[in-house]
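Could you have a look at this structure, given as structure tokens, before my questions?
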Amino acid sequence: MQFFERLMMMDRRWVFLFLAAVCFFTYYVEYDVPIYVEPETERIYTFIDSLPEGDIILLAIDYDPNSMAELHPMTYTIVEHAWRKNLRLIITALSQNGPGMADQAIRDISDSLAMPATYNGVEYPAREIVNGEDYVFLGYKPYYALVILGMGQDFRLPFPNDYYGTPLDSLPMMRRVVNYDHVACVISLSSGTISDGWISYGQGRFGFPLFFGLTGVMTAQYYPFYGSGQLSGLMGGMLGAAQYEFLADNYGLARDAMKVQLPAHVIIILFIIMGNVGYFASRRRERLGGVS
Amino acid sequence: MKYLLSAVIVLGLLAGAVWAQESDQPSTAAADTAVSADTVSVAPPAPVGNLRAYDSDNDHGHAVTLEWELSPDDGGGDNSVLMYEVFRWYPYFWDTVQEVRAELVTARQRRVQGTLDVEGDPDDYVKELVSRHTELLSTLPEAHEQYPDDGEFRLVRAVPAGTEKFEDRGPKDRLAEDFLPDYCDFYYRVDAVTIDESVRTPSQIVGPVQSYGQWFNTGRIVVLCFVLVFGLLTILFVQRARSGAELYVRPIAGIEAVDDAIGRATEMGRPILYVLGLGTAADVATIASFTILSRVAKQVAEYQTQLIVPTYDPIVMSVAQEVVKSAYLDAGRPDDYSQDIVYFVTQSQFAYVAAVNGVMLRERPATNVYMGMFHAESLLLAETGAIAGSIQISGTDQMAQLPFFIVACDYTLIGEELYAASAYLGREPVLLGSLKAQDVAKAAVVLFALIGVIVTTAGSSVFQNLFKVTD
Amino acid sequence: MKRQLPLALVFLFGVFMIFQYFVPHEKSEYVYEFLLDWIYIIGIFALALGIWSLFRVSVERIKLRKEGATYSYVALIGLYLMIAFGFTAATGDGGALSTSYYIWLLLGVVCLALVMRARAETASGRKKLLALGTLVFLVGFVLMSIFDDSWAYHFYTAEGLSNPMFRIFFDYVMMPILATMFALLAFFIASAAYRAFRARNLLATLLLLAALLVMCRFNPYLPGIDFIAKASNWLMNVPNLAAQRAIVMGVGLGMVATALKVILGIERGYMGK
């Protein structure tokens, strides 16, 4: 029975080692992970997919480079989906370290649209993404609560110019686009308290459809808002991003990462089971009073 | 085995719930973004009806709200209305004010950049512009009184068809281009516009209407009532406690464990690590943590154990230093206090946790106490503490981090237990009284929730609307 | 007075802030914004105090040759380098830094290291030698600052933030380190789960089952994945939601109570005794 006791008291470094080894090897193995789509994520996809051409989405990239791993795939998949559908984007980055990262992502994604693609059986031709016509990047302003409130009056209030210094009024896309009344929805990808600001100051006051993309850890906290209808949809962590990619038929960063995340979860589950087996076996041994 | 049986029963209930569950999702209305423009008509549309303008309520002024009835040709009739354009009467004098304003803004920018090229002192020039601008603004009400002479209607905003309400709001910054002055007579007009912008029908003109700030936000009266009632309850229970009434507080394992943990550290000759979290001194969790720190520091001083308090925020560091110093004085060991007990590390989240982890692995504290506001670093701290073999007591009000602390620490104060710690530790009647007031308020919330469920299920929203709070 | 004054200030400003929440008039907003500005000013002074505290503690560790003193060297050198990068930038077009700039940086680092070493040294002769060396490097450091035209100090403008070395250290040192620390969470979650999810009693068993159920929804290969997904969805949307709401209400009330106690002077833990 000492084996079971050793199992229960196993040095955590073995756990780290197994986990690291599994993550390392599965990264290089090619296989596709089937994805089960949750209703919360499907609502976001369905809403965007059903928008008519030319509609505008406000995308708030409210996360730091710390949370890039989980939230960047969401940015990539949503933006590409929107642009393939000829929707237009107003992009903000209300997190302090976010604008540079968001700017780089926008450029990457616009480059990827220079090639044709087929998603869900629909062929999308190559297209050029033009700043000012297909998207406007507003950048960062401090005091996110004031920015969210200000955009409800007029985007020009907190952002008279875009991130590159161009006055909003001179951008073709912003003609007759004043505030949240002229966007179809707001999608906030966030890893912190900015999400609370969007609920209180944004959706609560102006009543637009609000969707969240959050880190896995935060997701459980926002189910009450989804349940009450304040949130129209919710994407949680890497799995949420992978679900969206699955719906969009766009194999991207998240589905690639699921190859690693799935075995990692299996390893954790196995270790939990092992630990419990060791626990029950050692308890049984104590009750029996036996010595091996 | 009996736990396994309980677990199987719970699993069975779960399975039943899932089987019985319908996939009902909360329905939310999608935004209506379609603009109806399928009928192009050259005939002028019917105007909007019953246009009203009034000062926006519960704000700091500089805002006028317009409401109207939709044109019969909006969504009906000829269905030709594409949008509404809101016009406001501007006196020509406003252009003069704007010129001076623009000159002032430019002058200020150039003054800062050092490129303001004027005769005489640039500061005097800017001051003169400021006083001229202020003087012009003060005569704006008179200019507005000249209506309809010496002015014209100008476009404020276009709103899509289907809109029945518009708020003409300007910033309170007098140097903003779209500043809306208070106490001036405004006149408005709303044009119904078709796809051909030249084909439009104006409404009747409404006015005069003035904007001004309110001194009380009536939309928040519910909050005021609650604050007053809760404050009165607190005072009532504090008085009761002071008069000797016995107030029961249930035992909180985490706080009771603090004494034992300090004793353990003393016996082992290892230090105690106290982490105040990543909050600022204004955060309630950090304030609650200071009280616990005071208690811990006093006992540590009495037992002459080493205390380590790395802080994330410099203001928190200053306050914590005072707290610890006073605790040492109270314990009668002022000479044992050193300013290096409480020290600042960094204001970068993960750099801070890396530093604290390093302290844990080097100093091997016997006890780690995490009390305050934590974010993603909570598990990093707790697991490293477990690796170092420390007893860990934690408390936070951050819901996302509670699971990590519960799993990785020996004792955890959940949410408001952290705030109750000060009352629990000191057992002062005054603090216990406020705790009781909290309990009564919680009971009231539960009661209101039950009543609300019953009344709302019955189809009435009266009870719900009683608690509506507007911004 | 020492105790009454802070209590009076807390009461006055606390009551004003409560009052301000209900008074939307712009006069009250002006005072509120003025007070907010003061928070930043106090914060900046407090930051200076904090940096001094960090510096003093690190120097003390080096002086007493405590375990981990090497890390204090790293902390001080890192502090010095980022301050130097942030307050300096190359002159002329292109922004490329000259060799003399790097030499100047190196002189500063050596100077700092020698000072620390001298403070830690106990033998009188070696201490004097180290002090002399510090002086020599310090003189070189100061002379280069004055006479080297290829770079300049920028205390009043933001040019230092575009200093290539500042960006390199931020983008290629700090950002990857921060991301690595965040990535460590994955491993710590695994070890915490292994250690803590044991069916010791009913509540622990429930926790274990809930965790297994929610984790299993990531695994589409499991038999009964439909049931698992629906069950975990129900768990998130019903019991989890109920518990979260309950905790939020309790925390909200606790916050109000604590804030009231602080304003009324009942809670004085933050003041010390």
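Per-chain residue numbering starts at 1, and chain names A, B and C are given in the order in which the chains are listed.
Simple rule for what comes next: a residue touches a chain if its C-beta (ideal position, glycine included) is under 8 Å from a C-beta of that chain, and two chains touch if they have at least 3 such contacts.
On a predicted model such as this, the values are computed, not experimentally measured, just so you know.
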{"item": "Chain nearest the global centroid, as defined over all protein CA atoms shown", "value": "B"}
{"item": "Most contacted chain pair (by C-beta pair count)", "value": "B-C"}
{"item": "Whole-Å gap separating subunit B and subunit C, where each centre is the average of the chain's CA atoms", "value": "22"}
{"item": "Residues of subunit A engaged with two or more neighbouring chains", "value": "12, 39, 66, 220-221, 226-227"}
{"item": "In subunit B, residues with contacts to at least two other chains", "value": "23, 349-350, 376, 399"}
{"item": "Subunit C, residues touching no fewer than two other chains", "value": "178, 182, 189, 191, 193, 195, 197, 199, 244, 248"}
{"item": "Contact footprint of subunit A on subunit B as seen in their complex", "value": "23, 25-31, 33-34, 83, 157-160, 163, 167, 169, 171, 349-350, 375-376, 387, 399-400, 471"}
{"item": "Subunit C contact footprint on subunit A (complex, rising order)", "value": "10, 12, 15-16, 19-20, 33-36, 38-39, 65-69, 219-221, 223-224, 226-227, 239, 258, 261-262, 264-269, 271-272, 274-276, 279-280"}
{"item": "Residue numbers on subunit B that touch subunit C, as the complex places them", "value": "3-4, 6-7, 10-11, 14-15, 17-18, 21, 23, 58-62, 172, 213-217, 220, 223-224, 227, 230-231, 234, 238, 281-282, 284, 287-288, 290-294, 311, 313-315, 317-319, 322-323, 325-327, 329-330, 339-340, 343-351, 353-354, 358, 362, 376-377, 379-380, 382-384, 386, 397, 399, 402, 404, 407-408, 414-416, 418-420, 422, 430-431, 434-435, 437-438, 441-442, 445"}
{"item": "Residues of subunit C touching subunit A in the complex", "value": "175, 178-179, 182-183, 186-187, 189-191, 193-195, 197-200, 208, 211-212, 215-221, 225-226, 229, 233, 236-237, 240-241, 244-245, 248"}
{"item": "Parts of subunit C lying in touch with subunit B, wherever the complex brings them together", "value": "18, 21-27, 29, 39, 42-43, 46-51, 53-54, 56-57, 60, 67-68, 71, 174, 177-178, 181-182, 184-185, 188-189, 191-193, 195-197, 199, 201-202, 205-206, 209, 213, 227, 230-231, 234-235, 238, 244, 247-251, 253-262, 264, 266-267, 269-273"}
